[in-house]
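Dropping the structures in below, format is structure tokens.
Each of the two complexes below includes subunit A, the first together with subunit B, the second together with subunit C.
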Partner chain A sequence: MKEFQWKKSRLFAFALLTLIVLAACSSDEESGASGEGDPEEDPDTITAWAWDPNFNIAALEIAEESYDEDIDFEIIENAQDDIVSKLNTGLSSGTMKGMPNIVLIEDQRAQSFLQSYPDAFFPIDDYINPDDFAAYKLAPTSLDDKQYGLPFDTGVTGLFFRTDYLEEAGYSMEDLTDITWEEYIEIGRDVNETTGKDMISLDPNDLGILRVMIQSAGEWYVDEDGTTVNIEGNEPLRKAFENYKAMMEADFVKANSDWSQFISAFNSGDVATVPSGNWIGASIEAEESQAGDWAVAPIPRLDMEGAVNASNQGGSSFYVLNIPGKEKAAEFLGKTFGENEEFYQELVNDVGALGTYTPASDGEAYQAGNDFFGGQSLISDFSTWVEDIPSVNYGMHTYSIEDILAAEMQNYLKGKSLDDALADAQAQAEAQLK
Partner chain B sequence: MSKAIDKASAPYTGSSKKSAGPGFKKNYMGWLFILLAVVGIGLFYFYPMLRALLLSFQSGMGSNLEYAGLDNYIRLFSDPTFIAALTNTFIYLLVQVPVMIILALFFSVLLNDATLKFKGFFRTAIFLPCVTSLVAYAVIFKYLFGVDGLINQFLLELSLISEPLNWLSDPVLAKITIIAAITWRWTGYNMIFYLSALQNIDRSMYEASKIDGATSFQRFFYITVPMLKPIILFTSIISTIGTLQIFDEIMNITNGGPGNATLSISMYIYNLSFEYSPDFGYAATVSYVIVILIVILSLIQFKVAGDDK
Partner chain C sequence: MKKLLNILQYNNLFIKMFLVMVISIISVSLLITFSTIRMSNNLFMDTFSITNTKVLNQIKQQFEQFSYSVVVTSMDVENNATIKRMLTEEYVSSIDASTSFYSIKKQMEKLYSDRPNEANMIILGENERLFNMKYVNWSVSGDDLMDHRITKNTKENPNQILYQFVDGGEITNSSAMVVATKALTERSTNHIYGYLYIPIRELDLRGFYDDYTSHGNSVMLVNGSGKIISSDDEELIGQDSPDLLKLAEETEEQSLEYQEANVFGKDQLVLTSALPALDLYIVNLVDQELVIHNLVNTKEIVLISTVIVLLALVVVFIISRRVTNSISRLVKQISNMAKYDFSKPVKVNGGYEARKIANAFNYMLNELQEHVDVLMKSQRKQRKSELEALQHQINPHFLYNTLTSVKLLVKDGKNEAAFETIDALIPLLQNALGNVDETITVEQEVENIKSYVLINQTRYGDRIKVNSLISPDCLHFHLPKLVIQPFIENAFFHAFTDKKQGFIQIMIAQRNDKLVCEVIDTGDGMRIDRIESKEGKRQLFSGIGVRNVHERIQLLFGEEYGVEISSERKKGTEVKIILPLLDGDSKDNTKSKNSTKSQYLDEGNF
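The block that comes next holds the complex of A and B.
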């Protein structure tokens, strides 16, 4: 009997231990995920996720400083890919625990989030006037007539070029202004022949330049409804494919396979031009020895009716998540990014970030010349081009379609006919997105 | 009969429940001891597996999921990206696993030579890649094989090539780069298994065969390889599973490109969930394909290489 009792108590101890261990595990999980306080109450701290300490995080910091009310504001730096995957896992799990109040999302991904997770985001129409912002930013940041995103930076494109190389080949700023991509390729051949430098650096995996080309003609991979795949019979895309191949065959493309190689391609002086979103300016200026050697012309356009010398690459907007603290967060964004013109001047001066808030473009900071670019009034030029950017609906499938196009582009470069390549891409995209 | 046992056992157990024999009690105790593990495995392995299976029958973007029957599984067969990913993964598998196994065997036999000096150094050197982080080594390989990378400079200096090769942006060369990277990373790992197995082969067999006049090739093929058979089977299964799940190297070295020339199944699952508009249902379907493939391939390997026991 004694032995049995001893056994029993041992069992009891074992069971107790199990219980404690399990309880410890589960309570750990909870406290790990929930953040602080009762989820129903307004939190004291407003958190924001963004990815670039020199750019969008710096902008948030300036916004915090210029905000009149006292607010406990925490900015958390995450890589953009991490933000995307954290949002996806967090929002799809159904619990909003651990999610930030404000999050920065790239415009071309925005619809995917807005449509995939209805009710996860908080409309901010009451806090800003959407008409104050560049028109092309509104389609990707809104859904069902509700404005969800606060348009932040523009990805307005420009043709950054080395004045010294171009001069050597006999080209001036004027020769590069308002040209077509076909003319650009001709100039590239000349530059390559006379200076021996490559004209452009491209990553064969990244079709960003294709997007720049087609948006300048007001087209995208999908129709205006954002869902109908528009590849076969998409004339701008067709021309963009042809231009891309022509560039590759002209043999003035310096291949890169990632961001740092891309940066070093122009910092080392190996390439003559960088057609890109304006945000590349900071990286170009980073190579101080090239000060004065750079200028920016309007981006080339496609050789067709309706195409303009203005386009967009990248650019992102702030979103408020539908969790406690949303009013506070929306008000913060509205009072800073949404209406404070002075704040935008500071943003230009301190960070070099060009917002899309149109009333701010008359400010002083926008007119100032940039010595690195030979005194050119860069910001002013960019903000003029912003107004011309054709508005397109990116829809929610930009990246999945682009992977399909990238594969077909390889086939096209290897000799497949353009008709077949686009037709196949269309069929694949339709199968994937139904 | 059972009554007799009950009566007989009663005084020993001291239990008032006469029907519970010692056998049951033993089991009961045993179950109790493994209870924690069973619950843990059930909760953290089988439950998610079941949920993933259910998820694989659902379709929709993000949280708008609804049951779609077998649609996802049917979609697999007409999805060229999936087929490309599957093909690439099998190319890695068919080229890389045999190359690595043969290299590992070769190194282990070399390093097992009794007359070799600095054995410890060489063993460590070959095993060392396995200790490095997957991401770190992948990034280094990316730079080694870059257009301006060390490999190109080396080949240029030797005049083996006239202009830099686009290792990462040519469909075939990119695959070679990936295969080279995985082989570098995992050969040492497999070699360790062979080395330890080689220690267990009776020396007298080699001595006897020498006396009988067997050449070293014959000794390798008729003694070493047959004796290592179970280990070769084990390592090839482990490598097959590993290669089917390959992700880090591709994500970091080529990001699936150019086009989708290096895309693997795991990478495609990642893209479906995080890179494109999230379709977790279809992503779960694709991951179940990996499960099915691993089961089939392992069965084949057991049949081909295993003993009949």
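The block that comes next holds the complex of A and C.
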């Protein structure tokens, strides 16, 4: 009997063992699933959002090439408006899901992001030396003494013009140098009359030209503090409005409704001048058939005291978002845009992008003449003008104020008195920004 | 080979049992495995088609929402007086242009901001003025668009919203898109003053269903002409697949839940949903093989069932081995028993049944043995009495002859010889008439033989001489009566028919703890078999003949004792009687020495 019990227990033990072995077999599968979805882990790919394939995207591509370390870098093209709205949606929801590591933001919008989402951006003081960059770029890209943006292009403006058209109308480079907007309009009339070409292409929804004008006089839509609306009684703005209407009335403005129409306006040879940030150079050069027909003069100034023939439009800077991979991204920016002088030479040569990294301006590429622009030392010229750009505080509300101004501009064009238009704009802006 | 056969035979039961077990275990596990896999596949396919139908409905809803928003937008645009005015007006001055651009854009922004998805919105006026809400998605120029196929198609169907596929060519900046188009017409005159385009990039269209797809579970949109205009498999986009369209139409017409078909070289589950407003079919393809492969880990199932089968086989092996082994051992013991020994009981071990059988067998064996013992006893008794009867029959002729010899001696005055003869006859008779079981000493037997020889010599003369050579240390040993006498008699009366004279030697000695008595004559010799055939011949002295002696010795002492006869023609015969060394009380001795074994064997000779 005892033996029988022993046998029984042995059998039982055997069955138990079998069960355990089988259970072990089947449980293997489940353990593999964990380990993914850890938000703290560094991603393999660094993504960047930018908007201009000819310019800032091209610059990022060159940066990637010049970067020594092996990095999985993905550049996603988005319209600037999309970037702004996506950033706003993403950052305000706080999830940061689908956000890029690096994003390009126009300087005039930067403060609104930095102030609205203070924790969303990663300070990069440890990766760059801010003193290496043009001083006027630092104010819009930093907050509370912390440097968030890596200054990219200057946005220094120039008056790009068709030498052949202007010559036909009897104007030379000298006639266009250091002129006022009033003089520019006069020239425009002549060009329009002699060549039949429009002088300028404008998008009625985008008052960029107004911003160029007022910054050349050291003013903005807001006061120095960045928040007080400064429209009514803003003399440069008043002058800019008048100039804008004068251009319209001179009837040499080719209207466009979007960026591609703007580009095609000068690529097709329909307009004689493009007063714009230097970054437009890349798009102008894209039309190779017009090589040698272009030159750049300093931007016209407002006819008033303190106005200079230098302004800024749409310069932008790179920002690192405070999400996993931020160190990698900041390191990438620091090693390329932050310190690589050779990279800047390449940037100038290949893209025509003028950075704000001052040590680079001594490089050869900066001095070289540009054949497309008749051998003009374009970069060198721009570099000189950069120094004259009056520094202004863009504040947070540039574009919302501009929407109001655009509407009032239409009213003004239709005959509303300028005083009323500006006063109404001031009132609306104050109401909206309260 | 024979050994192998033996092993096979020995393990016959085990092999049979084990084979049956193996076959049934394997077939049961195979059947269960396959039916489980099949059942789960069927179940999965059913649930899969149900969930995918729901998914398709959700996707369909998204598309319907989209098409609804397109309808609403196109109505809004068409009803928008500002847009209409701006598109029909000829611009003369920059201010006019600026104003109209501004206001049309503002109107479009208002309409566009309601749009729920990634779709773009483009309005093209008859004056080739183009307003694009998202130029990044499609930076098309007015004249390009005006000449494009989609505009021409729209022109031909001005009252319809057309969904047209534009593949990733130059005009679309290499991203394929679906463009909803509608001509903007003046109601009263049917004059087309512009076109509304709502292009949605294929990439964004994919967003409608991308979340529901996975590897092996793909969704695609097929338009009315069989072109795949959107798919999560980018390679398929833009391909013409009339087969798929036919399948989709079939499924819709017969309102099937799903169809199984071979599409793109794979067996797929085809689920469809029609979007008549967009002239599209949403087709969901489920790669059966891949999906099932993901669902059922065949490897694991096979592994588990293999492990179970192996374990079961090991258990079955051990258990059946244990059961059959005890039975086989029992069988082996029993079958060997018939060859050698019935007295040895089989070992009681192994399983319960085997032990029961062994016990029963041993019990039967005991009974049998007892029965045999009783039988043997009665047989022996019978034989003994037979022998006794024989022994008691002193041949009357012997007496008559002897007495006649004595009479003649007396008549011849040879009183001395007559006296001697009678003297010899007396112990001879005394000896013969005693108990057949009684033993006498060698010395006495020698005396008896001498008496017998004397009587015979008296009667027949002394041409046959008898010598005896007795080892002195044997004299005190006992031996059964009438053991040697029959051979002397045999030698006297049968060995010397051709030769007329010779010798008979009697030798008794102790050899290898046995008493060996030899009777050697120098007579004619004979064939051994003739000894056996002497049965019929009457014995001259007593009923005990040569053959009986051997029988009697073996009966008394066992197999190893008995009589050996060897003979050579013309040379003589040699008889060797082998007996145990018996001292005094020999009767008990002989009985106790009888082992059961010899008893059984003797029985076989009966």
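One rule holds in what follows: the second predicted complex is superposed on the first by the 390 of 434 C-alpha atoms of A that agree within 3 Å, B and C clash if a C-alpha of one lies under 4 Å from a C-alpha of the other, contacts with A are read in each partner's own complex, and residues count from 1 in each chain.
In this section, a contact is a pair of C-beta atoms (placed from the backbone, for glycine too) under 8 Å apart; a residue touches a chain by one contact, two chains touch by 3 or more.
Keep in mind the model is a prediction, meaning the values are calculated, not measured.
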- With the two structures laid over each other on chain A, which partner does A:Pro204 touch: subunit B (first), subunit C (second), both, or neither? both
- Is A:Tyr399 contacted by the first partner subunit B, the second partner subunit C, both or neither? first
- Item | Partner chain in contact with A:Asn88 - subunit B first, subunit C second, else both or neither | first
- Message: On the A-aligned overlay, A:Ser116 touches which partner chain: subunit B = first, subunit C = second, or both, or neither?
- Response: first
- Item | On subunit A, the residue positions that both subunit B and subunit C contact, one per complex | 11, 14, 18, 21, 203-205, 254-258, 261, 406, 410
- Query: Which subunit C residues qualify as touching subunit A in the complex?
  - Reply: 91, 93-95, 97-106, 129-132, 134-137, 139-141, 297, 300, 303-304, 307-308, 311, 315
- Message: Show me the residue ranges of subunit A that touch subunit C in the complex, using the header's touch definition.
- Response: 11, 14, 18, 21-22, 25-26, 29, 51, 77-79, 82, 198, 202-205, 247-261, 264, 406, 410, 413-414
- For subunit A, which residues count as touching subunit B in their complex? 1, 3-4, 11, 14, 18, 21, 81, 84-85, 88, 91-92, 94, 112-113, 115-118, 120, 203-205, 254-258, 261, 396-397, 399-400, 403-404, 406-411, 428, 431-432
- Query: Tell me, which parts of subunit B touch subunit A in their complex?
  - Reply: 13-15, 32, 35-36, 61-64, 75, 78-81, 84, 142, 146-148, 166, 168-169, 171, 254-261, 271, 273-278, 280
